[in-house]
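The letters A, B, C and D name the chains in turn, as written, and every chain counts its residues from 1.
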């Protein structure tokens, strides 16, 4: 394993470091809030894993430049425009974007011949992982919110957020 | 019109409860929300039964969301297996709702009723969605929808331990979900697609590169947490014990089963059994963990004095039986695993309902408070006895069917030591079931039990529906074991 | 009516009885009347069925597949027919006796009692008529479950403990051994149907199972059928003595134990095949276990002072006779075993009826308290004596013939040790049974109302149990003598099961 | 915090622009970077800022919890309703293309995709705003124990 191969995979090293940090915090911390923080770090590492995975070297954001879009709309009666319109936004509604992203790839492939002269020098990054992560982030936020809400209730009932103390209180009942 | 509805069945199944949930919030009234939820859950049940019928005829029902053709768009894909699982999940969801109102009134503050029903519907949406979708990432999304709503539902329990149980479940569940997410990501990295059928076609099976192995490992561990396979089951006993009775009925009967469903899909739909069991030694490992889990959890169940916790440990053990069947990877073994998902859902749903009836009348699920309740609440107590017999696997009950199929498949594959261990383990079930039966029928009534009256009919009828079903499907199996066998054959790549 | 229909009618009748009993639960007279009527009908149906069966017909009835390849089906053959006749015939008497006993004793939960009773009879008939092992197993387990509430009828701590042992042993052995053996058989033979000559010979010929394997398999069957009460799985039987006496009569004479030994015989005859067992000799070690059981059980019986406990151990011994006959697997021994099912049933039910009658009339459980009681209860003790003679195997009791054939079997196979065991056990039978009526008749009563018995005449001194109790026990006592003379008929009926497969 | 005039005034100045920006992100979302989720969070941040500075009671007068709760449901309904609409018009669930020919043909609607995504984003925006605000209410509304 050469230095290049180690350094070239730096994104994975970051991911692994974050992942293990988060995982350790979740498992080792007895403070409920800290567990939640650990969980967040853990999840974030996965977001990074996905997003770096989607990045293509020298690729740009998958937005069809206006010049090509122009040609494309001549060629395919507005399909490109639709895709153009659809692709740039992203939301938690993974269903929508997921398909649209696929459609762009499809469109580009389908009309490859016509667009060849214009699009050969354009490399797009894969937008799909980012889109997926948007959904995952929403899930993460929901989890965090719920977890914090539970912690608030636990603290109201037990007066502490330390798991060991809580278990001791329970045992004392 | 009918045709139009039939064409949209797969999505209706999801959209109905999904839309009903916000409607429950909009109406903001417990009773109206209940009625809405009841209607919708029965509609979803009807949808899934209709879809099961379709799959039995045509094997696969597809639905392309937004008319984007797969693998570019999301495809909902229902085969016999998913049809079977979603039919019993929605069916039990509906029956539990019939049972719910009195218990909910007893255990949850009135101001939260409409939110409870909304969350319940969301949980159902998630579970059904997992069965219906053919897209791997969608599985994750629906898994999290159902998990998040079940965390919330569990935290509604009466005691202060409920939020803590929910929190522990949340932490472990989220770790599991994140593992699944990692696995999905790695698979996507290898294949460039999220459609399960497409992944299956593209993933290199023979000597899979390390990425596939790692992806598979992450997915397996993640799903094992959700399934509560020993030793990743630690969240389950507390969660089932401290959740409101109705929630326990529903989650115990369905949630782990749907995770098992996802696991079966993973092994038989994406990673082929050849890769999982022949290239990798997953079958040996699954059998080992299942058997150890069965024994340890059953023994733990014997020592419980809280009946809900007893049943929870028994659930951990029963998951082991399902995995045993699945790891055989023969038509009989797989169908044993599948039919046990169904049978156990009926049995455990019924038993937790009985526990709920006692909780309502006696105000406790401690065994010591149940003493002699068989005299004042004979119908409820008899329901327990029948359900208990089914759990043991006595002939003429549903539990026997799955146990019998498991045994025959163990012999078919020449694994008779497993057969022996399985039979010995089912003796442990006799002990923990009979402990409760004796307390109910042959003890001097406790204070609470002496003054108790029979559980209300509105709870007894749904309880007996499930308990009766365990008897029915113990003698008449074309629609349980029969369908499970067809599903298993399809999963193994044959035609039924 | 064709014999095929008679099968399902005879199975439906006990279930009908359950329905009627529950329906009429509020009015005892109607309930017990219905129960008795149905029992009578059942005997008629079973008897008319038997005419066809003993003349060589084999009626069948298929209920349907419970699982693909595993069918609930019924097919009547002589052994099962004999068992069904015994069970349905004794059901009438037990019902009559139970009515007298339960009312004389003011027992609670009578409706539950009679309903479970009828279910047990249903299970016994299903087992008797079963066409395959699967059906037999289902019926066997239904019987275990349905008799549990009978054993724990009183609901006391003692009853609870007894019930726990009862259910624990029967359910454990059946799940851990019996079920395993069935599935093993299925994987070897591909079928579970009872066939004359057995279904395992192909597997043996193809070397798919070794001698040792075969020995283990038959061991699993014999110990797995815990109801046959072979040592060391016999503890449930004495434990079940906490039940009311009619239940003990049913358990120890008619239904439960007989289902056990009947299943053992069926497995030997129709699953293994007598020829296979004889040729390989794999079952011989079980014959020695049975021999051990029958001697030891008789010895233990002598130590028991509680009458029901003594009878329980006597039953364990007698059951071992039947198992022994099955394991020797010669035609004579199997016929002897089959005959002993009937002979012992009639004899032992009489003894239990007597024990119950004594308890109802004099409230005495222990043998030592029964001295002199014979003068007060002459009919009861006379019946006891006659039944004892039959159990011991002396003419003119029916047991003489069955023991004769069993002894023939041991000699044929040159197992003289077992012959000796049979003889010793018979001597022990005399030692623990005969003194009971002798002491009751000969010894003077220990009770203080001596003077009364001196002055009054013989008849007015009688303090028998209610007629409903005494009449059945007299009938069964006479029956055990009648069987002595009917032995030829039973022999002829059972002869087909020893035939070579055609 | 309303005791500090600088904070109060700056907040009052800022909030309209935050809201405006939220709307920009929302309505630009169907053909540029943006969308309902981001817009919803931005919109909610304005509300939360108001709540932080002027107190829970003030913000609950502006956005009563009951309304927020209903909005939470409403947004999901808008989203799913769009899907139902496309099904009612003969397409598949969320098949926006059918909207093109059926809905508002006399107006200048660029395309069915455009309209469909706009509606869906609307729903998402409403829900996210409501949920974020609701979370704030849930935590801020807790009485300090002990």
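Heads up, the rule we're going with is that a contact is a pair of C-beta atoms (placed from the backbone, for glycine too) under 8 Å apart; a residue touches a chain by one contact, two chains touch by 3 or more.
No experiment lies behind these values; they were computed from the predicted model shown.
Put simply, the chain farthest from chain A by mean CA position is C.
The central chain of the assembly on a C-alpha centroid basis is B. Chain centres here are Cα means. That of chain A falls 22 Å from that of chain D.
Mean C-alpha position of chain A lies 73 Å from that of chain C.
Chain C and chain D have CA centres that are 79 Å apart.
A straight line joining the Cα centres of chain A and chain B is 30 Å long. Of all residues in chain D, those touching 2 or more other chains are 94, listed in ascending order. Those residues of chain A in touch with two or more other chains are numbered 95-96. Contact of a single residue of chain C with at least two other chains is seen at no position. By the definition given earlier, chain contacts exist for A-B, A-D, B-C, B-D. The residues of chain A lying in touch with chain B in their complex are 23, 26, 32, 35, 39, 42-43, 46, 49-50, 53, 94-96, 98-99, 102-103, 105-106, 129, 132, 135-136, 139, 142-143, 146-147, 150-151, 153-154, 157-158, 166, 170.
On the side of chain B, the complex with chain A involves touching residues 65-66, 68, 71-74, 135, 137-138, 140-141, 144, 148, 151-152, 155, 160-161, 163-164, 166-167, 170-171, 174-175, 177-178, 181-182, 185, 188-189, 194. Contact residues of chain D toward chain B in the complex are 66, 69-70, 72-77, 80-81, 83-84, 87, 91-97.
The part of chain A that touches chain D in the complex is made up of residues 78, 81-82, 84-86, 88-93, 95-96, 134, 138, 145, 148-149, 152, 155-156, 159.
For chain C in complex with chain B, the touching residues are 65-68, 70, 72, 137-138, 141-142, 145, 152, 155, 159-160, 163-164, 167-168, 171-172, 175-176, 179-180, 183-184, 186-187.
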